[in-house]
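Several structures are given next for inspection.
Paired with chain B in one complex and with chain C in the other, chain A is shared by the two complexes that follow.
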Partner chain A sequence: MIGGLALPVGRRTSRLRVPVTIVVSSVFILAVVVGAIAGPTFIHTSTSAPNPLSVGTMPSHAHLFGTDELGRDVFARLVAGTTTALTGPLIIAISGFAVSALVGVAAGYFGGALDAVTMRFVDFMFALPALLLAIVIVTVVQGGYWIAVLVLAVLNVQGDIRLVRGAALEQRNLVYVEAARVTGISRFSIMYRHIARNILPILLADFATDFAGALVALAGLAFLGLGAEPGTPDWGLMLTEGQTVLFENPFAALAPGIAIVLLAVSVNLIGDWLYERRASAIGGR
Partner chain B sequence: MKRQSGLAGYALRRVLLVVPLVLAVTIAVFLLTSLVPGGPVAALIGGHATNTAEVNAIRARYHLNESLVSQYLTWASQVLHGNLGRSIFSSETVASEIRSRLPVTLVLNGVGIFVALLVSVPLGSIAAARRGGLIDRVAVGVGVFLSSAPNFVMAIALVYLFGIRFNILPVEGLGSGLASEAQHLVLPCVVMAVAPLGFMTKIVRASMLEQLEMDYVAFARARGVGRWRLYRAYIVRNALIPIVTASGLLIVTSLTATVFVEDVFGIPGLGQLLVSSVTNSDIPVIQGLVLLVALWVIVANVAIDLVYVAIDPRVSFRRLR
Partner chain C sequence: MPPPSGLEEGLPSPSRSGPPLLEVTGLEIVHRPKNGAQRTILAGVDLEVGLGETIGIVGESGSGKSMLAKAVARLLPREVHAGGSVRFRGTELLTMRKRQMDALRGSGVTILYQDPFTMLNPLLRCGDHIIEGLPGGTRRGRRRALRDEAVRRLAEVGIDNPDVVNSYPFELSGGMRQRVALAAALASDPALLVADEPSTALDVTTQAEVLELLRSTQVARGMGLVLITHDLRVAFSVCARVYVLYAGSVLESAPANELDREPLHPYSLGLLVSDPPVDRRVSPLPMIEGSVPSPGDVTNQCNFAARCAWAEDVCRSAAPPLVTVGPARKSACVRISEIRPALGRARAELLQASPPPAPVDLTDAVLRVRDLRKVFAHRGGRPTEALRGVSLDVGRNESVGLVGESGSGKTTLARCLVGLETPTSGTIEIAGLEVGAPAAKLHKTVQIVFQDPYSSLDPRQTVGSSVRETLRANGCARGRLDERVAELFAEVGLSSSYLRRLPARLSGGERQRVAIARALAVEPELIICDEPVSALDVSVQAQVLNLFTELRERLGLSYLFITHDLAVVRQVVDRIYVCYRGEIVEHGTVDKILDAPEHAYTARLIASIPGATASSARPLPAPMIPR
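After this line comes the complex of A and B, so read on.
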């Protein structure tokens, strides 16, 4: 409808106001990233040495979030856990981004057989309970964190492909694409330079959704003992292990849990915001 | 369009499409044992056999020396007779293990989805009808927060709050007797409902908003169609399609949620069976569960497609794959 007149998306000048929730979310994500990069330089409390004299103590001056079932400092482990919390989800989100940008755009632009095959594949993948499948595969091949990341990366692409393909399909009939075609610009260039750039907000919103989903999924696998090695400071693992001292120091389990929720919510909020901003820029729903 | 032969023909073709899918799934489940490091023998006895005589005995007993195809046929005919093998860990048959744990898992899934729909459909609809209002903001918040919060975190938080802090609800096991069981299932059911509730609120709100912005709504309003009738006969009917699709997805995703919920609350259901078989590398049990889940997913998907037809005869036949 109004799509025919769609302007290129990034009209930033007219929408400078950023909601408070987005600012807060960005600050939190930044804090996690800083924790992952600079954490080891600033926090010298050991994350692995057990201390049988202070097992499951409540938060105190010496231990900000108290200690866990082996007497290790929960805060230090929480900061150390930022690395695995970010790495796996980043890899999964990047692979989703790349695959959907390549395959999704091509399927939407070309249509026909390529599109049909892609969509059948996507429908099939959608019918699978991904996390359940990941649980089984990681168990059967007896893999750890990296196998989990690999499996989830594969089981995650279908949603991305579907969304990006839909967006590319919408763009295909717009005037600028027709103009580009008439001017003799190559199909490759139309797809990956023009269309991909115009649907970039969707790709980014998708990236955010993937990241949050992967964070939760990986934490879930670790929670079942199917991810990071026992003993590593990993949020999902801390959650399981901390359960044993839930009575003495609830923060041992709740702190990593809250960290997972906050990171997932922050990333999702930013993703939703990017998506809606793009939708209103086009004038669609 | 062949509308006449439509519904029955569509249903038949849709059901027939299941056959190759079931075949593929059973082959995949059958091949699961070969994926195990150490091969089928290791999978069947749960570890590496060192005794050659023992290995040979197992190979003979499970027909492992025959061709893969005849192995598959033997296995499949056993499965058809309800014989899924024996658990390495408990020595019970896999079928009886599954049968005794199925009911509680079904209750968790059913109640969870029911409660989620009961809350999310009105909440999402009102949010869309009063866009930008207080209820809308609450709905958006609920949608983002609840659908992002992983169920195992939610479960642990509730265990802490209700089991330890206020100590008003049981948080471990099932108890005995109907009243006690119901009490034990309150928190698990709440956790089961939480994520679908967030997800569905988002979907309902979005699909209602999409309809509200359609031209036909403006026309109907201009024609003087009453508010109630407009919603009931026009908007809800159209908005229902994505809502049904999403609810269908819930049947699949809830199954995963049960694994975590049963693990945290110590409920002896299928999820716990999966976790224990995973920790014990109890491959026969894993095989049985995967098969069950796969069939469940296939049936759910067919059911959704058929419900689709019932709601909206317009799109159905073109959607046939």
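After this line comes the complex of A and C, so read on.
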């Protein structure tokens, strides 16, 4: 370190300044979460009962985003759709997080045969055309939303494992890991207390990417008629169904589409921001 | 050697009537991050480099010396801004147009950086690095002529093998790379070369060669040279004048020999005496308490007041100006006229030699290594023999030095001893325990303190928790944990307020103390110290060395002290083993080895210490084992 520029390490990090984009993203995500939890208690408009008298009407006082091809309230369905928009991607992202943290860190730390086997498995998974396979499986099993979630959860882990394994491999060669080994700290502690904590920013950013990817993939499957059952308020499904009234009430298709984009972008932005903050919190070393 | 073509048109007549080559006045450098507090790096520095003059800028990390170099070449990072004036041959650089500045860099001012491993583009051949920098006129020559010119330029920096122009940087050793980098920096025939720690990353013997090369090229070309270093001895060996920089201000400037003879600022004195002498053992080592402050924290007072033994109220009431105290000498100490005699006396007292250590009985050795070999197999290549039959002993409560340069195998030995590598053959016995025995038992008797305290601690774990975890892994009762952690921190001289800090909020010396506390948590009998102070600032180095000595006396520890620094070894070690190409070539008591070395390699190591009398040791092959 002699001769280098010693950046101020002695002082507490100055008070956190949150960028506007992050505030906006957080507010949006919060709104989605509130909608998923408390939606049914404050929206009493039915989300399923067709109303042939007002099919494809433009937004009004009664219907904030107008109605769809069956005369159902788009806003109510949008709020009801938050549940599927959150749960599936959350399950997929959490499973990716957990599996990569367990397997990826172990493969990176131990190396050798465990690493070789894991990485060949990952290579195999990468060779599979994930979305195509998902379409085939979901079609064949005639499964709905949950089968789609399961298939995507499995087909999502390989990227996470590869990423985390690489990061763990890098940490493994650092002196602090050797120091821990010499002082007799157990492998388990080294892997899951030291290494995992040091690559947490990567895990978090990866979690966000997974979530956004899964959201879009699930919506895509639903759009193709795979996944969510017809009739359920699901954003991807609403996108398809709303098309029929595109000229009467464009919001029937636009609103769920925009919601998907906003949620995916918000989650990604926050993941990115968390990564940069945590990575710079230790002085970039 | 080619006549440097820039000389004729570039330099004005040698009469000293014109403006100096470089004149820096009131240079301020401020770091203004987009979000975060503004921070002063340099607070008004004045300096001057005459034509063909060599000056040294000496300072510890955080003094702002590297930023000073960058400011001169207008290469400051974004968010870092310079104010004041930097005049090169009378032309203001700070306000110069960007294009003009680009042209001036290279032909006028060039920087040579510290790290030869990252300074060269790994995809360019060495010759191309040089050709790229040749002055515009010569650059449009035929390929053949350019190559010949590159060969000539390499010869100027002492590389006689013309094939080097075609090799890639990774094929060369650190010293060779630094030479190529120097040749590339000199390619455009600069009038001023700023060398930022050019020898720090190199081995001792290579370091001496590179410094000698810098000195001779500077003389031959008659260019100005600014040498930036943390090491006063390096500055003295090359420079005519030295500026002592501390926390963003110049505290003293003087001709090198004068400063060596009589420092006129308490900080210069501190720097001089805390750099351990090679020729005698001083115990305890004189040191400067505390660590370098941030320039912004010491405004309106003497920067050094908080660590100065002579500080009085007058020092803390205003920032002292740099005033002339003698012919060509300036000091920023307001009390210098009062304390001048005291400084002189202090220096004599502090450096009094202490008696040599008493010999230790080796029948009861803590560490016994016999005929240790380690061969690294390379896939598809010839195996490397890192250790070729090493035998050594460390007695109980003895401190033993293992000296050698990089590639000599000393770190491999250390790693074998703590179980991070498995030796190919030979035996290691630690406290009667054969190594190869279960690792769990091994680490209770032997511990290691690593070289770089910046990477040996988990950056996300508070230092208290780090020591606590080690205690728990070694069977400390839950109820006693807090008590023991506090004890260990006290043992290494850290207050308990440090417990909850992350490593990034500690200075290098403090981190090394934590690393020592962590090693002590295991209650080992032997601690292997792998270059434990080489990454630390001079003033902090002495603190840590004293801590090692003190702990040894108090806890009855034994040390195996691995280092390349003979001055350090002199202070803390009873016996020395000299390691060269995987073998022990010489061993004996410190005084015997350092004062009357028998092996040529030992003699060369001693001669390489800056400031040591140059001896005509015959050249030896590099300490690396050829593959």
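Just so we're on the same page, the second predicted complex is superposed on the first by the 261 of 285 C-alpha atoms of A that agree within 3 Å, B and C clash if a C-alpha of one lies under 4 Å from a C-alpha of the other, contacts with A are read in each partner's own complex, and residues count from 1 in each chain.
Following the convention adopted for this analysis, a residue touches a chain if its C-beta (ideal position, glycine included) is under 8 Å from a C-beta of that chain, and two chains touch if they have at least 3 such contacts.
None of the values given here were measured: they were computed from a predicted structure.
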(message) If we overlay the two complexes on their shared chain A, which of chain B and chain C does A:197 touch? Say first, second, both or neither.
(response) second
(message) Between chain B and chain C, whom does A:139 touch in the aligned arrangement: first, second, both, or neither?
(response) first
(message) I'd like to know which partner A:239 touches here: chain B for first, chain C for second, both or neither.
(response) first
(request) Once the structures are superposed on A, label A:131 by its partner contacts, choosing first (chain B), second (chain C), both or neither. (result) first
(request) Answer with first, second, both or neither: which of chain B and chain C does A:186 touch in the superposed model? (result) second
(request) Check whether A:254 is in contact with chain B, with chain C, with both or with neither, and answer first, second, both or neither. (result) first
(request) Answer with first, second, both or neither: which of chain B and chain C does A:82 touch in the superposed model? (result) neither
(message) From the superposed pair, tell me which chain A residues show up as contacts to chain B and also as contacts to chain C.
(response) 285
(message) Show me the residue ranges of chain A that touch chain C in the complex, using the header's touch definition.
(response) 1-6, 8-11, 14, 17, 174-176, 178-186, 189, 193-194, 197-198, 200, 282-283, 285
(message) List the residues on chain B that touch chain A in their complex, please.
(response) 32, 35-37, 144-145, 147-150, 152-153, 156-157, 159-160, 164, 209-210, 213, 249, 252-253, 255-256, 259-260, 263-264, 274-275, 278-279, 281, 283, 286, 290, 293, 297-298, 301, 321
(message) Under the definition above, what is the set of chain A residues touching chain B in their complex?
(response) 120, 123, 126-132, 135-136, 139-142, 212, 216, 219-220, 223-226, 239, 243, 246-247, 250, 253-254, 257-258, 260-261, 264-265, 268-269, 272, 285
(message) If we count contacts the way the header does, which residues on chain C are in touch with chain A in the complex?
(response) 35-37, 39, 41, 60-62, 65-67, 114, 196-197, 200, 228-230, 292, 294, 418-420, 439-440, 443-444, 447-448, 450, 452, 454-461, 469-470, 473-474, 502, 504-508, 515, 518-519, 521-522, 535-537
